[in-house]
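Look for chain A in each of the two complexes below; its partner is chain B in the first and chain C in the second.
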Partner chain A sequence: MQASNVLNYDYSVAKCFTYATILFGIVGMLIGVIIAYQMAYPELNYFAGEYGTYSRLRPLHTSGVIFGFLLSGIFATWYYVGQRVLKVSIAESKFLMSVGRVHFWLYLVVILMAVVSLFMGISTSKEYAELEWPLDIGVVLLWVLWGISIFGLIGIRREKTLYVSIWYYIATFLGVAMLYLFNNMEVPTYFVSGMGKWYHSVSMYAGTNDAMVQWWYGHNAVAFVFTVPIVAMIYYFLPKESAQPIFSYKLSILSFWGLMFVYLWAGGHHLLYSTVPDWVQTMGSIFSIILILPSWGSAINMLLTMKGEWGQLKENPLIKFMVLASTFYMLSTLEGPIQAIKSVNALAHFTDWIPGHVHDGTLGWVGFMTMAALYHMTPRMFKKELFSKKLMESQFWLQTTGIVMYFSSMWIAGITQGMMWRASDQYGNLEYSFMDTVSVLIPYYTLRATGGLFYLIGFLLFAYNMYKTITSGKAILSEPQNSSPMQA
Partner chain B sequence: MFHWLERNPFFFAVGVFLVIAYAGVVTILPDFMESARPVIGTKPYTVLELAGRQIYIKDSCNACHSQLIRPFKSETDRYGMYSLSGEYAYDRPFLWGSKRTGPDLMRVGNYRTTDWHDHHMRNPQSVVSGSIMPAYKHMYTNNADIQTAYAEAYTVKKVFNVPYDKPNMPRLGTFEEANKEVMKEASAIIADMKSDDVKEAFKKGEIKEIVALIAYLNSLK
Partner chain C sequence: MNMESIRELQAYGYIFFTIFLVIILYSYIYHLYKSEKDGKRNYEKYSDMALHDNIDDVPVEKREIPLSAEKEK
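Entry: the complex of A and B
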């Protein structure tokens, strides 16, 4: 496209969400590091009275990084990528512009209220769905606003064919909407009984059914927040940054529809050997294995996009972030299915191997890809040169070391604990008390927390690099050169 | 077909939705009624136990403790009889947890006493040497929220037909009646505790969070 024809995209909303991503990233990861050290050094539980215990902070960490850091990262990239691949500026519609602004401010209010309410211990107990009903309504509202923004922009698009990234954003929107609504069905007790706390509610489902709905949600929150939108990002940013066309369109189609078709079944693998029906458990197990295909489909598609261009790894640290992200995606989508095999799960369930698995996915795949996206966007949004590539290099190695420390220590810890729980002596009695199986893990907890600390320091370097780029980076007149998906 | 879908966002979205929605319908609906049926002998929680359960949730005890015993010898040896679906029929929400940083609590009422919990919650290391569990001292100063617990019991009775006030089931009645029951239950628990501050407060008519929590933990059998 000729320079004179280049659209003036409006990045004001994308910029706001970029700031939010950095802010909530720091907060969420800091709390993560604190609770990780609390497991190694329990005295650290008492720095803020009842508000500083591990148990109060844990939902804050998970919600903070999922709904604070990552969700704002997803929104930031949407408000950047969406305009470019649809070839339409959001500023062309006053309505969509104001929807975008309201979307951001409502999001900020909901997240801040979520932080306060979780500190106070207001929780429904369901993992990644702890928020009580008034905040659930806020979440639904802001989700609807995002939907209007997506479909509104698609409605006024110039490029008629939807690029792969848009498929994944649409799927994120629909998937989370469905899951969140059904898992958060609850009855506010005040409106039935006229007494007690007004914000308290009770789940619509009981016991085993509640567990099924929760893990149908819980596992697929992983799908539609940790996977689908991140794939949307990599499908745009990797070809764009490397100036390489995507390896295979057919593979894109196969892995997209495959992922959609298979993922929702896999929730049952969180409930193996529980009281849910056996066939649901078996289906969960089987579909988890099948899930390797579409997951590796996307990852391989990305890695092969770099075919013959591996030299770029040396010159461009940003490519390194994205290649590492796809590699970790492959690792964790192989590890997950292994853990979903019933006999492996019998050992791994309830142990530290599970958080270990979650974190090689989140730190390696999700975190690296989100930071890479922001690194790519910021120079283009602010028309400033990236402040320091050297700093990016140091950050890359620091964080990679952190991740390796994290998952290797948790592998050892998880398998050790699982083996000790089931060990019996020659008379068939349990060999270890529960406390024995905790004491043995302390060194691994320290190692894990330190790995997390490395990652956090790396993230602070990232934040500093972004800050310096925005405030004092060298101005650039034309956009950094690249080829791109759909010439956007 | 895929090319056509990529140019028709509406049908694309409908297609995606159908593909992602069916699995939930197929896995959750068929056994829904079966899974909701209680086993004989399972009773809904009393109001004080419910208040304790709300505290258990407030402090995310489920972040480190499971309530699900899997059918393995190593688990039944350690924690007791494996879990049955119907035992959870009155659990809203379910509290199976996903991580055992601490031991399972599904049947903790069978092998721990009020006195043990009293010491343990104030200072876990005093009863379990080397424990990494934090102390929950604020449970000895905060009051339990009996009103919200009653509201929850009343709600599940009205909306989900939970069998309060049926023969051999816990009594609920009006709030005043329920409150009397709560005081009776609480005084029995407090009699077994050694914490003087909790006893003093009870004389003034206050029920501390710890009392409700212990009532709940004792009910887990």
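Entry: the complex of A and C
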């Protein structure tokens, strides 16, 4: 066979999304650190006029890390893992190759426009769904392209059965498609009533209904962006990197169906003690508790995959990243249900404990897993050894310290805040004013921001390590089967 | 319908769905183990799809691709 005819996986689209993951990761996390310091030092709000205020930057942080950093990471891993477990190269179909390229460029344009529009203060004011309707249409188009890529590749596969990761990618695609469409049903005000600018809109739902749809979406964004695709990643990358088969494949698919069924009902826990019907609140609480089972099913499955192989933790920092990711998944999927219990929520709601919970999930589980996946892919995509194991170790410990500082400070701050809000004297008068709580919380805000800064510095180390690997890493002749090659 | 009847119906609904979902869950687990015991499937070998994922590795279960589709590629 001539060399030109040898079939190879094509990583060109995966590489583009890898660059985007790093770029948007830096931007999104940098903005996160800035707004965290703004809470500790409010005068920082005025460093760039209206463009530097907390309210302007906060949606940029959340959208930047969710739809910039993480979605690129999900797409990068899809264009890598999808081909490999289906045993088909995307280059075998010119159509799918073009779809992949258009998918990337359209994605990039939409995200850059999202960044610009949010900086300008154009927003629907729905949390995690701030983009206005013209951009929503762009998101729908790029999502359809991703769907064509997924089902197109499945259509030409050589492997008959779909590996469990593919199930999770499909669920991500379907779940987000459904949620995004329903929550972004909006009325363009200019075209309907002549009010506002052409790009302005209001939600099609009103009042309590809007809140219910919004949090059905909001919580399932956590499900189908922060959880399901990350589970897809860990089911591929941990077994592959450690050379261990999944502890129980049966448990992986049982957890899959459990997660799919249960997650969609849990969103009501965001609206406890609000105007939504009591039964919706109770249902949200109950399903949140049940959610521990499928979540822990996957997490324990991953930890047990390493049974008898814990020595690898010492040798291979990538395993360390993934095992810690799985551990943080367990922590945050226990913490979330606890917060969803009505009596706990009476204390926790609206306090800093909530962002604390979100960040031990996102920084520990999502961030670590995504970086580990990219570290694993890079030597194989670029045929280079990873640049520095030492740097990776430093990154690991710096970021782990950052995460611990973040969530522990927010636990203390949140519970302090909740207790102060509800404290009353013997006559039933509130003991503290709102400002009393703010001044007590300031030291914890500084601690949190510094934890975030540690994580950001760790991410910059990751970016540098990736850059050096790609530009000047030692070439490898054949693709490593399992453990990723790295220079000391 | 008065509030008492609504509450009663809700309680019956709750019990019914709980039992129904538990049955579905355990039936699925039973199905997974039964299929393996009867030799219809070997779920655990599917892990190999990740471990042996080079393009020239032998698929765990080869998909029969129609000749026409293969040619189109």
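Annotations
Here, the second predicted complex is superposed on the first by the 472 of 488 C-alpha atoms of A that agree within 3 Å, B and C clash if a C-alpha of one lies under 4 Å from a C-alpha of the other, contacts with A are read in each partner's own complex, and residues count from 1 in each chain.
Keep in mind that, in the parts below, contacts are C-beta pairs under 8 Å (C-beta built on N, C-alpha and C of every residue); 3 or more make two chains touch, one makes a residue touch a chain.
Computed from a predicted model, the values in this text were never measured in an experiment.
Contact comparison for chain A: of chain B and chain C, B touches the greater number of residues. Of the two partner chains placed by superposition, chain B and chain C are both touched by A:I253.
In the superposed model, A:F151 lies in contact with chain B only, and not with chain C. In the superposed pair of complexes, A:E479 makes contact with chain C only, with no contact to chain B.
Look at A:R422: by the touch rule set out above, it reaches chain B but stays clear of chain C. Of the two partner chains, neither chain B nor chain C is touched by A:K383. With both structures placed on the common chain, the touch criterion links A:E159 to chain C but leaves chain B unconnected.
After overlaying the two complexes on the shared chain, residue contacts for A:I170 are found with chain B alone; chain C is out of touch.
Comparing the two interfaces of chain A, the one with chain B and the one with chain C have residues 160-161, 253, 257 in common. Interface residues of chain B, counted against chain A in their complex, comprise 2-3, 6-7, 9, 12-13, 16-17, 19-24, 27-28, 31-32, 34-36, 54, 57-64, 66, 68, 70-75, 77-78, 83-103, 128-138, 142, 145, 147-152, 154-156, 158-160, 175.
Every residue of chain C that touches chain A in the complex is listed here, in rising order: 10, 25, 28-29, 32-33, 36, 43-44, 46-51, 53-57, 59-65, 69, 73. Remark: chain A residues 38-40, 42, 45-46, 49-50, 53-56, 58-59, 121-127, 151, 154, 160-162, 167, 170-171, 174-175, 178, 182, 187, 189-190, 192-197, 200, 202-203, 205-214, 216, 253, 257, 260-261, 263-265, 267-268, 270, 273-277, 280, 283, 346, 349-352, 354-355, 421-424, 429-430, 434-435, 438-439, 442 touch chain B in the complex. Of all the residues in chain A, the ones that touch chain C in their complex are 7-9, 84-85, 87-89, 92-93, 156-161, 163-165, 235-236, 239-240, 243, 245-246, 248-250, 253-254, 257-258, 279, 479, 482.
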